[in-house]
Structures are given as C-alpha cells and as structure tokens.
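First chain A sits with chain B, and in the next complex the same chain sits with chain C.
Up next is the complex of A and B:
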C-alpha cells in the first residue's frame, strides 16, 4: 500500500472495501471439522484394529470398498481442513503482500500434492496390493 | 510479519521513584507507564508510592491524587468517573479496564498501569484512538431506512425488539475490547475489531433498520469480520459486561443463513 498518511482515518478504515467473501471459507472450515470428527474416530479405531498387522493385511483391508473410500475421504478432509486453517494463520501473521501471496499459493499447492499422494497410496494398496 | 518485540524506540526503561509521604498508613505502589513524545526519550516506568488511606477507593482516584500532589505532568483521560464515558480505559495489572470502576481493594500492593495495548501512544496513558473511532464510523452506526418515519409517531418497536438491541447499544466505546484482542493487535489496519463489530451488530438486528443486507455485505470480508477467531478476550474484559464475541458469532451465523 502506498503512503496513506494524508488519507482520512475513515478512508483508511474503509480501505479497499469488502471482498464479499469469507463466509464460504468459514462454513467449509466448520463442515470439514465435523467430518473429521467422524472420520477421525473411524480412522483411529481402524488403526487400533490393525495394530501389528503386516503390509499384506493392510492391503487386504483396503481391498474392501468401504475402508478405501473412507480413507480417501479422510485424506481429502484432512488436507482441505488443514489448508483452510493454514490460510488463516498466514493471513494473520504474514503482512508483506508478496510473501503472503506466495506462501498462500505454495501452501495450497503443497496441500493438494500431499492429498493426491495420500490418495494415490490408498488406491495403489486398494487395487494393486 | 507480526512483531513480537517492541521497536527500539518503544522499549520501556526504569523511571523515577516517588516515595510515600512520611507517616503514610497504607502504602500502595503504582508503576505507571510514562511517555512524552516531545522529550524524544524512550518510555519509562515511574513508581509512585501513595497512601491509600488518604485517597479515594478507585484507581482513577489514585491517578488524580498523583497528578494533584506528586507529578502534575502525569497524563490520562478521564471524565465521568462512573463508567459511562469510557475515557479512562487503560491496562491495569495486565487487564484492560476503566480506572474509575476498578477498586484498589481488588488489586495488590503493587499496581502496574499502562495505556491500552498495541495502540500508538499520544502521551503517558493516553492512547491514540483515531483509527478505532474511524472503524466505528465505517460501520455507519446510525439508522438507515427507506420507509419514511410515520408522520404522527416514532418508528415503533416491540418490547422484545428493543431488548435485543438494549445490551449491544450500551457500548461506551472505551476500546477495552478491541485493544485486548490479539487479532486486532496483528491486523488492526484491516480487522474492524470487536467494538466496531458489536456496533454493526446493534444496527443489523435493529428492527427499524432497513440496511441489514448492505451492512452484512460490508462486513463479509476475510479481514473486516473473519479475523475474529473467537478468542473472547473482548467479552472477558468488557467493563459493561457486554458480549462482543457473541455478537460477532451472530453476524457470522446470519451470513451463513442468508446463503442457505
């Protein structure tokens, strides 16, 4: 932002006006949080049930459609929710415009890459074994 | 980035100590933030020892006593001395509150007094609230209606409708809430803060107001509204026992409601 010292306080407070955005982000964060409660419980219970199992046993478990689908949903919810949360953290604390923008883009891309990698791993176990 | 350390010219040094008058019966120590922009010096923390037995019961009484009889250059705002003007908001023992309604009996032997946190300081305990007031003005805190007022009566409200705005309208704009909010500390250039949002809410839920949609439009912004992360320091410190955090949550709910 250019030097604003001579701008009126009200002009500064109004700034660039409303982005007419934010409600979608806020709602998605809450919905994904609720999804993660259910999926997280299922995932924790599954991990306990699979404790000590070898690779073949886990692959056999993921051969069933329901565990594979839930695992993929879990990965989507985890990385979606994480990306939404990290976006807020970056917006809160990073104030230089270019650093903020590049961090946001990098964070989004890394989240997507990690989610895709996780989904790929599940699919490989589910279909390949 | 957010700054976690004070800039070099804001770091506080040890100041002078004014000892209690001889024969004092109940000595209380006041450590008070002093800053004079004209001196070009860093802020300092002065110590004033005061005989509480010879002073009124509130923190404001002590400050006035110090100004009257120890150091007349001590600068602070005050007016009504009964918690309705909001002038004497300051950080007393780490909590934003009104000096006039904070009793010395509720505090320890040693009392630390600073200006409201994370605001530019005009002098001593006087924070610059220009931006805070501008943010309040930016939510258009007045009735906006297209229907003309009835020619022979006021714009009427039911008792329930009045009760909804009764508490939010009791805000005295002391700025205790906004300056207690970490989100406001980091992003006050873009986040409106709890006080302005409480005022916005007061007009959004006013049954006589017809600009509800425009008001919600103006707030629907990642920074103006959604920097609130429900930390709730605002509600915690409000000297009028208002609930800005709940007001903000209600605004967020209304924004969802009008979409679904």
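Up next is the complex of A and C:
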C-alpha cells in the first residue's frame, strides 16, 4: 500500500491508483472465487453423481428448482471468474497491442456466448426439455 | 514514442530463475485456470447436448466415456481441485495471513496433497457410479 501522505486528497478519494483502474477487477475476482468454492464443489459432486447417466437423469436433476438455480449461479460465477482471470493472463503474456486487444475482445465475447448457451440449456431442462 | 525493448515476462524462466515449490504452484494456478476455462467449452457442450435431445446427449456421453474423454476429465478434475485449494490459499494471503516462508511452504504442500487426494476420491467415485 502506498504511503498515504504521498497521495493527493483527490487521488485518495477517487481510489484508482497508478493503473487508473482501481481495485474493482481484483475484488470481482475474489468475490466470484468465494462464490465458486461452494458452487464449484456442489457442481463437481453433482457431476460425479451423474457419471454415465442418461439424458432423463440429467433432466430430472435440473427439473428441481434448487439444482437449476445453483447451476445457473455456478455458470454466471464460472464465466465471470474465468473472463477476469483470462483477461490478466492475456494482458501479461500477449505483448503485441492489436493481438492483445483482439484476444481480449474475442475472449469476452466467447465467455458471454458460452454463459448464455449454458444458462439456456439449464433453463430448457428445468422447464421440461 | 518508441517503447524501450525491455525483456517481458516470462523471459526469466529456465535461464535465470530457479524453480521452487512456491513459484511452480503460482504458475500452475494460472495454467489450471486456463485449462479449466477451456474445459467450460466441453461443459457447455454437455449441457446443450442434454437440452437438445437423446442423440446429441448420447454423443457427448460417448465422448466423455472414451479414453480421450476420461483422460481430459481426469485432467480437469485435478485442475479443478488444485485451483480450488490453491485459490483458498490465495484468499488467505489476500487476508494478510500465511506469508511466513515456512507457512507458505506448508500450505503449498498441503495444496498439492489435498488436490491429489480429492482428485483420486472424486474420479474413483465417478468411475464407481458409472459402473
């Protein structure tokens, strides 16, 4: 943490630091991580229980409200957490500006598309697909 | 302005930097995170197949039951538990706890052991359920 005496009152109030982005990304990564401890363990255990299952068993599992709600929450948290993490990896290791920017945009769009596809699939099974 | 031609990460690996448990786990956290992100594509495939119909789902289940599918599942299983355990280790650090060298090594080896044991339990349970 920077010495508070070295920061202007305005800089402290805005709280964005030298990277001009603040701690929003850092916090979001942690909050989604905490959510995923429980959601991830629950989902992993569910997948183990469904090993080799047929479609009817998966549909029956997601037909109940609680598993469907948890599965959607898990998907939201997973893709949010993954997009934040992949963003940092791309920013750290892709050094060409245009390739970095296009990778970041592609990664974001793919994450959103996968999240929507996964959530739609859960909803369809939940409402009797 | 032309940017200075400075060496950029990860230039040090191999030639200058000596690997140690703490840095291997740090790098592995990223690697497993990327691997799990790739795994979400297959997870969504599985879910969409289940929502699509019996044929699509049977194809997905056939793939995950194949040798390649099982190998990938084993990899994702370990990646999941490692990223989970090491992620909890990171959260303790974020709270300002466990920075002493001895503690960092002890928590590191705990993560390695726990992710190995949890992977073995989960994968064996999955094989048992599948029959």
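One rule holds for everything that comes next: the second predicted complex is superposed on the first by the 107 of 129 C-alpha atoms of A that agree within 3 Å, B and C clash if a C-alpha of one lies under 4 Å from a C-alpha of the other, contacts with A are read in each partner's own complex, and residues count from 1 in each chain.
Simple rule for what comes next: a contact is a pair of C-beta atoms (placed from the backbone, for glycine too) under 8 Å apart; a residue touches a chain by one contact, two chains touch by 3 or more.
This structure is a prediction, so every number in the text was calculated from the model and none was measured.
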Partner chain(s) touched by A:66 [first = chain B, second = chain C, both, neither]: neither
Contacts of A:52 with chain B and chain C, given as first, second, both or neither: second
Touched partner set for A:122, first chain B, second chain C, both or neither: second
Touched partner set for A:9, first chain B, second chain C, both or neither: first
First, second, both or neither for A:44, with chain B first and chain C second: second
Between chain B and chain C, more extensive residue contact with chain A: C
Contacts of A:95 with chain B and chain C, given as first, second, both or neither: both
Which of chain B and chain C A:25 touches, first, second, both or neither: first
Contact residues of chain A, present in both the chain B and the chain C interface: 92-93, 95
Residue ranges of chain B in contact with chain A within the complex: 1-2, 130-131, 133-135, 137-138, 183, 186-187, 189-190, 192, 217-227, 229, 252, 255-256, 259
Residues of chain C touching chain A in the complex: 8-10, 30, 33-34, 36-37, 40-41, 43-44, 47-48, 50-51, 53-54, 57-58, 61, 65, 77, 80, 84, 87-88, 90-91, 94, 122, 125-127, 129-131
Contact set on chain A toward chain C in their complex: 30, 33-34, 36-37, 40-41, 44, 47-55, 58-59, 78-79, 82, 85-86, 89, 92-93, 95, 114, 117-118, 120-122, 124-125, 129
Chain A residues within the chain B interface of the complex: 8-10, 12-15, 17-23, 25-27, 88, 91-96
